[in-house]
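Multiple structures are listed underneath, in structure tokens.
Across the two complexes that follow, subunit A remains constant while its partner is subunit B and subsequently subunit C.
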Partner chain A sequence: MARLHEHGTMTELALGRAAARPRRRAHVYPYLSILPALLVVGLISIYPLLFALDLSLYRNVLTEPLDHPFVGLRNFTEAFGSYYFLRSLQTTVKFTALIIFGTITFGVLVGLYLNRAGRLAGFLRVAILLPWAIPTVMAAIIWRWIFNGNYGILNALLVQVGIIPEYISWLANPYLAPLTLVVTHVWKWGPLAAIMCLATLQVIPRDLYEATHIDGGGGWTTFRFITLPFLRPTILLLLILETIAGFVTFDLIYVLTGGGPGDATTMLAWFAYAEIFRFLNLGKGAAMAFVIAALTLGMALIYVRLLRSEEYTT
Partner chain B sequence: MTARSTLPLQAATLGVGIILALFLLGPILWMVSSSFQFDSDLFTVPPQLIPRQPTLDNYRYILTREAPASYSGQITGRRASGEALSLVPALKNSFIVATVVTLFNLLFSTLAAYTYARLRFRGRDLTYAFILTSRLIPAISVAIPISVLITRLKLLDTHWALITVYVAFTLPFTMWFLMKYFAFLPPEIEEAALIDGCTRFGALRRVVAPMAAPGLAAAAAFAFMGAYSEFLFALFLTRTMAAKTVPVILVATAINHDVSFALSFAALIVAMIPAMAFALIFRSYITRGFVSAFGR
Partner chain C sequence: MRGKGLALFAVAALMASLLFVLPGASAGPTRLTVSFTVWTFAVDLIKENIRRFEQRYPNVEIKLNDHNWGQYNDTVVSRFVGGSDAPDVLYSSDHWLQQWAAAGWIVPLEDHFPQVKEMAKSFAPYAVDGMTYKGKIYGLPYYADPMGFFYNEAILKKAGFTLPPATWEELLAQSKVIKEKGLVKYPIGFGFSLQEPFSIEVFISMVYSRGGDLFDKDGNPVFDRPGSATIKSIQWVRDALKAGVLNPESLSWDVQAGAAMRAATQVYSISRASALWAFNDPRQSKEAGNFKIALMPGSTHQTVGFVRFYAMSSQVPKRGKEALDAAWAFLNYFGGPGPDNSYPVVRKWATDFGLGFAQMPLFRDTEILLSFGKWVDVPLLQRIGQRYSKVKQGLTPQFAQWDVFTRTELHKAYLEQQTPEQTVKNMAAKWNELRRK
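Take a look at the complex of A and B:
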């Protein structure tokens, strides 16, 4: 501003500056400004991924440190050919389908509820932030205690009400253990979905509702033709997030079930972890880790396509 | 709507709200109640919703690391785990890591987000996609290479190991979020500053950043909470209390059946308080951030 007075009027200054300003700096600025982000991301995500690919092409078992022959794709074919890998893939797909359904249903319904006026809804709009704020492993510890087969509160509650005759070991039952993971996941991530849906709902113009109301549209008509189209992009985004979340689920398994009972909750990420850190087979673990990344990226790209075509058509 | 609302409908709505409140808050309250009980009271059927002999001894033990009288007797019947008693140093580690991550994250993501929001340049779309896509790479997929990399850099079991990894993992989201935020700001004010002779960086620093303060606050909250919560890398990249963070300590106690449940629950509550307080303090920024990111 001091210069402004030295050099005269503002227009003069602007014109003079624009011509005299070192053009090169303006050209370089965009690249300089994104450089730190690019470097950090490149060093910590992309480079390691290529490193993992390289690792996966060799036999590399930590108990045999001097023997690393090149084995090509054998680590991959062995993984895909193994019964346990395919089972873990199956478990992962089932779990992912359940959390997608659970989280999105919870998000939409609770989002609609929170969008109401009133004191209770106002209180819940605050309360819903808490599960979202609690770190995943801590949420898992809470639910581990709730599901405790001997002293957990869930058993006490259900027996009290008369829904179950006696205590159940939720975490030790191969059919129930995956469901405990789903419930914990929905408790932790459903609130975020609800917050996202609420944020979307809040920008729907009121008069749209009034218009359908005047036209004689009932609750379902309003939902189907106004609310849902508005929510669509958010739901698609949630679909992406939840699919990825399902395929990388690790923390919940680590705390709640440890992959068991048997292999009932052994999903891809846990399987790769066990291969690496229990069986110390780096080559095979890296191959599996790479497969997980490829699956996640592939699905995400398909969804992004969907999302984009969606944005263009609406 | 209200005109048509009848009494049963109102009651049903109220009921749904109460069930929802119980589902959201019940688990937390149950944990709070458990943390004020001794193990001997925890292991009863049916459980005590409200502690019959509430005690602060679990908290006292964790925070002072000196065994209260009750713990020397038979009441607990279990070992007090070394891990639960390491909560205070772990909290310190977590706070150092999360704070430094937040600072770096804000600096890097603001710089990049502003450029992507306002400038056109060759390679823009490619680099943008590169950064965003990196968020989709699962942590487990890069766990081994990163462990090797960190070991080679001689950073294993240090704060810097976690800081580096967390900045990279939190950055894509905060950058995307801030880009959306900046894109919503009216460009006229900064254009005035640019005509006034400000450089792009000057405009960002003096005009855009102050205007975007709520967005920056929300981004800071996301980065901090992401770093505070992370478990997988904390598990791989730390060995001792020099770097172990809260999630590692808590999980170690929670899945060990030999240690006192009560102590581990008290540790959990202490560790949850900063996260919940953070969310409540930054509530308006976070909600406003969400509205600007998702509400078009």
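Take a look at the complex of A and C:
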């Protein structure tokens, strides 16, 4: 009996194990499937992040290759306490606010225009994307010539039209140089915003507009109560994208102004770059990169939360 | 079985492909590759020089790449920091030598090629100073020049002046007359862009010419003393901007100041002396022949003498003796007398582009003297080079960082965002901070 029982138990056990194996396999399989992707993400995102974090905790100046003492958070405190950090933060915030305003306004207005049926609409929808398709460095070079104070076409145009009496030094003026960055950015990224707005506008049911029209609603009422609510998620998305763009803008500065004149266009990303590649201070540069990442992430999270609440209410 | 067969096939294919990739697998003699990084200037002539070198040394292949002059230091630094893409031999400058050497990116030539010490005796002393770090020589000269003060003689005559300005005050006065007569809108223009490495050399020349110094013999700043030549030079730039005689675009200009000279929309400029070659080249300017060099305005007329040179990175010794031999062949051919004692590359730069040189035997070379005589007053140029040129003071590992910081501070002073006194105070504080570190 005992033997039988034993036999029975063993069979059950054997059967149980056989049944458990596919279950375990099924359990492990999804993890194995995503392992390659996880490894890639780990290699290109997490490892550099940890490496940068490690760097930021040491004094690591390249001209002193044998001396890297642990300094804790001193790189962060030194950065926060410096005039140049505060100045570049101020410039970054102003620039970000202006490009958010410029890009979204451009996107909405041009999107509305392109949404109207017209003979040129098809052509314009393609043509508008050209600036977006041009690499940023190329765009900056083009605008560098346009803004040239002695030979630039912008000056020639404005003088001919009579808006300005004489040529202006756009890139050498501390008040105008930041605006040249804003104009170039909006010219480059505004078209994408316009196409995103256009895509949203095209899904708004026509009968809503007709109903408003019948009720006597004018252009502004239609825009305020129909168009804008539909556009809101797109605008929020653009807000996130432009905020991040504002905080990480580097290539435009590199080509167009080099951070100058003076420190008029020195923004956080440029400041971090200068710390690493010009002052050869890897520790401080890494700390700066973390600060930028934290600021951008913080703002992106706020926006995403707003976007989610928007989804629930619409 | 099928899986095994596929695996075997894959291994065989991999091994076959490796045969093509591995060095030495191909037929014929192996060529040793030496990577060479330059800033973008006359790349066609560089390629021609490389072609000639490779004909002479068929076992060495030179892989050239170039970067924009304004971003050269940043780009090279990023390549060194990256570690995997560092060049074997490269252009360098007395600006950056100390920084690169302290970081261990470039190596002293004399540690690997003892003959360099003897060769250096034939170089101008200021060039040797500019290539020396901790008593060791790190390069062979690509070119060496004093900073020159240029003027357009024809416009000066039209304005009623027979001589160029001898002082900075006189320069301001002449410029005002030229502007008032409507000859040009902005008589003066400099390359003061933040991205322009020459900008600090222009500024230091202005300081030297007033008899000023930047540092004492112990490396302590003296430019921040009340009434220093540095403060006066900053004030002069502010005055010139305010008077509307210095082109405000100067703050965003690099080589464009030269373009304005060639177009005769500007009368005065400061640049490397050899820039005059392009001004007086009829292919490049309708005003060719009107451009002259003068002593730097000021009480002492002193100016900066600088050297740009060929350096060797620390990766070459790691590659072994063959790489070192190839690098030496290259360095000697490009910056030295070469295998035939004819200075093949230095001579070419001098005759084809008017680049100055530090190799003293060439100062007596008739072919070069004749060629220089076509675009410059040779005795005056020699006098500026030998009597008035001074190496940049403060050439230490922190100089490059301080230079970048100083360019921004000077801009703020020119734009009247801060006083000249505050500017020199900030410059001195940064110098001391970098020094302490």
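The rule is simple: the second predicted complex is superposed on the first by the 277 of 314 C-alpha atoms of A that agree within 3 Å, B and C clash if a C-alpha of one lies under 4 Å from a C-alpha of the other, contacts with A are read in each partner's own complex, and residues count from 1 in each chain.
Everything below uses one rule, namely that a contact is a pair of C-beta atoms (placed from the backbone, for glycine too) under 8 Å apart; a residue touches a chain by one contact, two chains touch by 3 or more.
Computed from a predicted structure; not experimentally measured.
K.L.:
Mind working out whether A:Gln202 is in touch with subunit B, subunit C, both or neither, as first, second, both or neither?
P.N.:
First partner only.
K.L.:
Determine, under the contact definition given at the top, whether A:Gly258 touches first (subunit B), second (subunit C), both, or neither.
P.N.:
It touches subunit B and subunit C both.
K.L.:
Check whether A:Val108 is in contact with subunit B, with subunit C, with both or with neither, and answer first, second, both or neither.
P.N.:
neither
K.L.:
In the superposed arrangement, does subunit B or subunit C reach more residues of subunit A?
P.N.:
Comparing subunit B with subunit C, the partner touching more subunit A residues is B.
K.L.:
With the two complexes superposed on chain A, say which partner A:Ser45 touches: subunit B (first), subunit C (second), both, or neither.
P.N.:
In the superposition, A:Ser45 contacts subunit B only.
K.L.:
Using the superposition on chain A described above, determine whether A:Asn150 touches subunit B (first), subunit C (second), both, or neither.
P.N.:
A:Asn150 contacts both subunit B and subunit C.
K.L.:
Applying the touch criterion given at the start, work out whether A:Leu98 contacts subunit B, subunit C, both or neither, answering first, second, both or neither.
P.N.:
neither
K.L.:
Mind working out whether A:Ala193 is in touch with subunit B, subunit C, both or neither, as first, second, both or neither?
P.N.:
Neither partner.
K.L.:
Looking at the overlay, does A:Val126 come into contact with subunit B only (first), subunit C only (second), both, or neither?
P.N.:
So A:Val126 only meets subunit B here.
K.L.:
Hey, what residues of subunit A end up touching subunit B and subunit C alike?
P.N.:
Looking at subunit A, the two contact sets intersect at 150, 254, 258, 276, 282.
K.L.:
Subunit A touches which residues of subunit B in the complex?
P.N.:
Where subunit B meets subunit A, its residues are 13-14, 16-18, 20-21, 23-25, 27-28, 30-31, 34, 42-47, 49, 107-109, 111-112, 114-116, 119, 121, 123-124, 127, 130-131, 133-134, 136-146, 148-149, 164-165, 167-169, 171-172, 175, 195-197, 199-201, 225, 228-229, 231-232, 246-247, 250-251, 254-255, 261, 264-265, 268, 271-272, 275-276, 278-280, 283, 286-287, 290-291, 293-296.
K.L.:
Considering the complex alone, what residue numbers of subunit A touch subunit C?
P.N.:
61-65, 148-150, 169, 171-174, 254, 257-263, 266, 274, 276-280, 282
K.L.:
Under the touch definition given earlier, write down the residues of subunit A that touch subunit B in their complex.
P.N.:
Within the complex, subunit A touches subunit B at residues 3-4, 10, 13-14, 17, 25-27, 29-31, 33-34, 36-38, 40-49, 51-52, 55, 110, 113, 116, 120-121, 123-139, 141-146, 150-153, 156, 159-160, 167, 187, 191, 195-196, 198-200, 202-203, 234, 237, 244, 247-248, 250-251, 254-255, 258, 269, 272-273, 276, 282, 285-286, 289-290, 292-293, 296-297, 300.
K.L.:
Which of the residues in subunit C come into contact with subunit A in the complex?
P.N.:
The contact residues of subunit C facing subunit A are 70-71, 73-74, 77-78, 81, 99, 102-104, 193-195, 247-252, 260, 265, 397-398, 400-401, 404-405, 408, 411-412, 414-415, 417, 437.
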